[in-house]
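Should a chain be cited, it is by its letter among A, B, C and D, assigned in written order, with residues numbered from 1 in that chain.
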């Protein structure tokens, strides 16, 4: 079956050009003009983007008495509506559960339920004796990334354990991804506030201010340098951390920075609102200076990937203990809103779309080993494609979104540009904003080179020599007007 | 007429994939499979690269009693053999000659003689009262870049003049490119050596050591910051300069660094050889530490473009005054050897080809306004293409090269990978290493937005929203083996 | 004759302690208690400070149609009233005048007219062929420092000449002191403003903004590093320059930063006042951010010396061409007001007095080779002493000051602390605020080791092993309250 | 009783000058000439230095099965022989013992046994609920500094506890001093080596390499910045840590760096010797690059104090478990050898003696609140004085030293300069190298302002306004020869 996306402007990380996209067997077969088709997708006046890869979501997450309202089924459907065609979620081993069993269990939860493609990264929350064996089995199961916590009692590893894990993973073709906050400092400040009965949402920020991230990132970069294992920083929320990571890159370290939209659009000031508890997330939102530094980081090429940390609790769940920030479940929903929010800002600022594509699909795909299947519009890649109308103006409302949650932090935000149609491996999931998918067809994306570091040939399975994207500098440098 | 390049692996700045390339009317019409063709170009087992854009060549350059042995005709034919399909040369106004007339004169010299496409940048060597008018007329003639000198008595501008030019060009959609050395320091040291009769080739290095570039780059970056006009640094030869430029980029400045192969492969030690005069160039080759820092800069994404500063004087010309470095004509030939030299190193180091393509074609094209016609393999771009055999092993010998000069600095260098066929706007210039071109078909490439900064719409002529390449970090980050 | 200063608290750069000071033959003979005296100086309730060394004054300066109203006679008398017992002025060679003759001529102007001790530094304003010989003769005459200009057409040297001078002086036991501004940039901006008729006092600042100093300091530090000759920066007015100098020190470079009170108390905003022309000085006063950075530099130990750049033009002289900043003579009077102004701030901020003494006497004395005669209260040093009442409150008024000029930039400033008595080599010049001096007794202070670098023994003429002051960090660090 | 030290050259942190020192009632009464005396101390041809303040010694330390061979009696006598007249030791609370009781207990151990003056700093090794009260009582007992550990299980505090302590002490006129190593990383690496049976002395270094100190110092500086409590880093052993501390100072942080002689004279290479176990200390000796960086730090003014970490175990104790570094007691003896070792190097390098005095007496005295009683030769200070012969040449031999230990790391080191006589509060302890002391006269030195931060007046008890030493830059800057 031949599908042709016709009449659009294709956007890649290095350019925009008008072209039709020919799809055969779920794979991109050609870019050009003139093909006949069994299925036509109209992209006239629209941008044709690679489906987004959201490297950071939580579906069906249980945390204490709360479970997120979005599970793999509802969350992945909403993702598709937002143009996201690949999501990466996490497996956290339960007590005594081996890592590989946790991975398998979590993969099973997604199977046959997920509407988009997915991968699962495994959290290492203890340093068992059997860790090397379990890690090895995970790698054999295709794991390419492991998550570590410096924060959260019960989850967090101490520096020695982290250093052990980093050295263990080095050379195995895997990387670690970390939540970087100085746990001991946070817990100390939190305990003080609790003792004083000062537990408003704003005290969440006060108990985990900027420096707890700055410190942890500096420390982890040093452990990275000593160990050689690549490191990916989840949800960076401060400018200093971003600059530390950038500096490390220039010294030759393999380090990556993720930012999430909520840190780009909100500051800790929202915690002072009456419904401030809604916005509680970990890490806490920070000051306005940090928010601006994150945008500046985007402009200057210091950010590697955008993830959402999608974590949907209902209004009732979030507000149940609104007066005690320690009991409020942390996290905000967002998997569906990334693209319109960022596109709107990109357009307003006159920034090039190439970089938006790089941040939301190409680079997360490469970092986590999903390229060349994901994150690219080129012959041979999976036909995961978003047709995006760059002119439509609309307003975000929780009611009209598809996430299984009754509020959105972006309620009332005005957007320019909207997802029109979405294809997953050549199959139309969304057309003109209406759901066309049938039973869940999401598959796990097996990374290209699971653990095969030792045998790495310098050539990827598609026959090309694998490499990173071109380096660049800052946005806007080719827009010549001064 | 339909031409198809069949069976190769296309390399772009963001990926490699097997695909045929369909060419119609000199333009890339499709990437995919299955087209019939009037002309077939066999790329089986080969890489299909964008034709190189060499942003820095000197053809038919007169300097005192010497004229380079390569003129536009011979130099551009050699360029084509080396896979270079666009060259950028310079117009230096003669005494009292207006800038625009110098540009027109130089363009006329290239017309009907150049075998590859070309552009000409204008040197500003005085700060006349009529400069604003002349610059404006150049911009109307399509000029996108102006060259300034901080070195060379007679050519160089003082800081006030440079600052004037930078502010003049700001917002006009143009950039400046500079040769950055502290002229006064160089001239002083040179005069001392001359007084002492110490004029061996090595004294060229001693009279223009590392710090003269470091100082000038630091100063120019400050003037850039104050003026806002983008700046491109020709032939960076020191690690400190590269780091200063990188730091400026991170602070939001628009600054670009070019390196030339000769600074990557040689140090000032060659000046001690008996035939050391052959290698004299300005800036002088530097110490081994700098050479390694330039490679490190390439690895970590600190370099924006590779140019050759191709400048071919014959062995006789170079050696005529070998005992007096001040009289030796400066410059080395190289337009033909860039690709095999760099590919060989890239392969040896296991670096990704995407970055090589970015450095040698995509980024110089974007920086100098030639994209989307040049530097890209995508529908709509000029079909300037190199078919490159990545496996052939050979040895560089001046005799077998096509430049009109009887020596090469790279004589005897062993290479892996060789240019097989070359197309310019769909026409085969080189096939299986043999010349197939007929009368010169090189055209001037008019930059996309010549001076139209004021009217800049944020959209390029192809309909896409224009932007830079994706940012990146350092090479090798996706090669997972530790 | 024995003089005893009785009952005061002696302040040195490392401590404060109650002690009487015994003086014999103009030299400090003892610190302690219990001596009888021929002459008693009452210091009860007062601080006993070393007489200030002002390393930067201009007496009887001619500049175009203007001559400063203070000459050596009036200016040095005012200095004494302000607690300054040593001044350093400059000799600028006239056309074709050899350096050593200029030095001798200027020393002759001071002789028998100066009420306090003095030295003269020679300005090098051209790079003659006979420079090495002239410099050598100056050194034989006791010269320890040479002044260079990067600004001012006619005075300024280009980078090559500066580099030549630096290398010439290296190892000769001398240092250079520089006025650091990018002349070409300043002249260019100035010419533009003049063309536009924009010549208000504020345009002086606009034509020599922060970056012209930042650039010149960066450049000179690089030339210093390459040459090895110590460098002293006159009147630093920007925070960036101060940090650059500090960074260089930490890399082992010998560089010193001077600040002047006017840059600590005023910003360019004064140029907008009706009488803004009064405050015109070169370098121009800068923005508030810079002013605060200079204070921060003082607090953190980044400043080496305080000088005044005392340059007194009358109100009529300053305002004669008030509408054309290019014609206004630059400079402000200040040699008399340094100590009360700084003491007032020091006290307000709770800063230690030791550092005030170090900045205003001890360190300039050591930098310029006057120690151990000047800048110290210790046995063997010249008895140049200020008895200072730390409690008296008063208000600065030009009428009550002793400089030969009818205005003060500090008119109306409220001070705490006042000079009570001043001794020069044991002779009372000022007692209880009244002049007691008779005919001028000022002598030239011959530096300790005039040019004897080659024979330097590591021991000073007094028998001690010579060295620098202790290093320190920032002010206030021993004031324990948080 | 009047004592006069006659004929020497007094050295202070800011100068050297020939003067006699008059002593009355144990206190310096005058500097000058001409006093008669009851007791004469001959200092002809000698330097007269302030008695050293060693801010870091361990006398009678029990650690597991070992107790140091030097107790307060023997160690303090040896200290006096080395010119050290004040030592600072530590009180570590035993289980459940309140801090103030530990302090009192330890002070009692020193009382009537210590031959030189002393103070005791208290280690905080847990974060009890009653900590605030205990700290307050310690401060009332005169405590000015508290010691924290980041290393050593059982002693170490986590980051939250450290942050709590820092905030608790802020504004109380106290500072913290820390042993900075990343404990978790060290313990992890150590455990691995133990598992592998790799426990040679060199594995001590391998399990606590450079980065564990670099990380901990970076982290603590951040906690310092956030809390505002001054911090003193014990025994810095890496160049990066030294630079981090320096950078923090320039940003206005109150941070101090101590170095110990053993890190200046040895590298980890000694651990490869047959008797390598002798040299085991914590932190481990580091690589040659670090050793050179420490000297560079001394030269450039980046070090605040020299302490010895004197900890004497006998040869038998050190070698008992030489094959298992984890069981070897850590520490080396050194309280007696600091001055001749450093003086020898100082002289060889041509460095100024002022800085040596500042590092070994003046600055530790000020940092820990002992000034103006200790660390200064000025009227009113305690007459703690060393008469030092700068010309005597001798060789260090454990037999001829006075520490109660049968080896010295410096065995065979050739020295120039030797302690001749030593006075404590005016009483001669050592004369011409022979012991003259009688029953122990050492007293605890009560810091000047024990906890009185709130009432701090800006004036010290002697009547002067208290402040820090002058700031400086790097050594050698006044030695003019290039």
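Rule of thumb we're sticking to: a residue touches a chain if its C-beta (ideal position, glycine included) is under 8 Å from a C-beta of that chain, and two chains touch if they have at least 3 such contacts.
Computed from a predicted model, the values in this text were never measured in an experiment.
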Smallest count of steps, each to a touching chain, taking chain A to chain C: 2
Chain separated most widely from chain D, comparing mean CA positions: B
Contact-richer chain pair [A-D vs C-D]: C-D
Intercentroid distance (Cα basis), chain D paired with chain A, Å: 52
Distance between chain centroids, defined by C-alpha means - chain C, chain D (Å): 38
Set of chain D residues in contact with two or more other chains: none
Every chain pair in contact, whichever chains are involved: A-B, A-D, B-C, C-D
Residue ranges of chain B touching chain C (in the complex, touch as defined): 158-161, 163-164, 182-189, 211, 214-215, 218-219, 222-223, 225-226
Chain D contact footprint on chain C (complex, rising order): 9, 11-19, 22, 29-34, 170-175, 228-230, 243, 246, 249-250, 252, 254, 256, 296, 299-302, 304, 350-355, 357-358, 362-363, 366-367, 369, 371-372, 376, 378-381, 449, 453-454, 456, 458, 460, 462-482
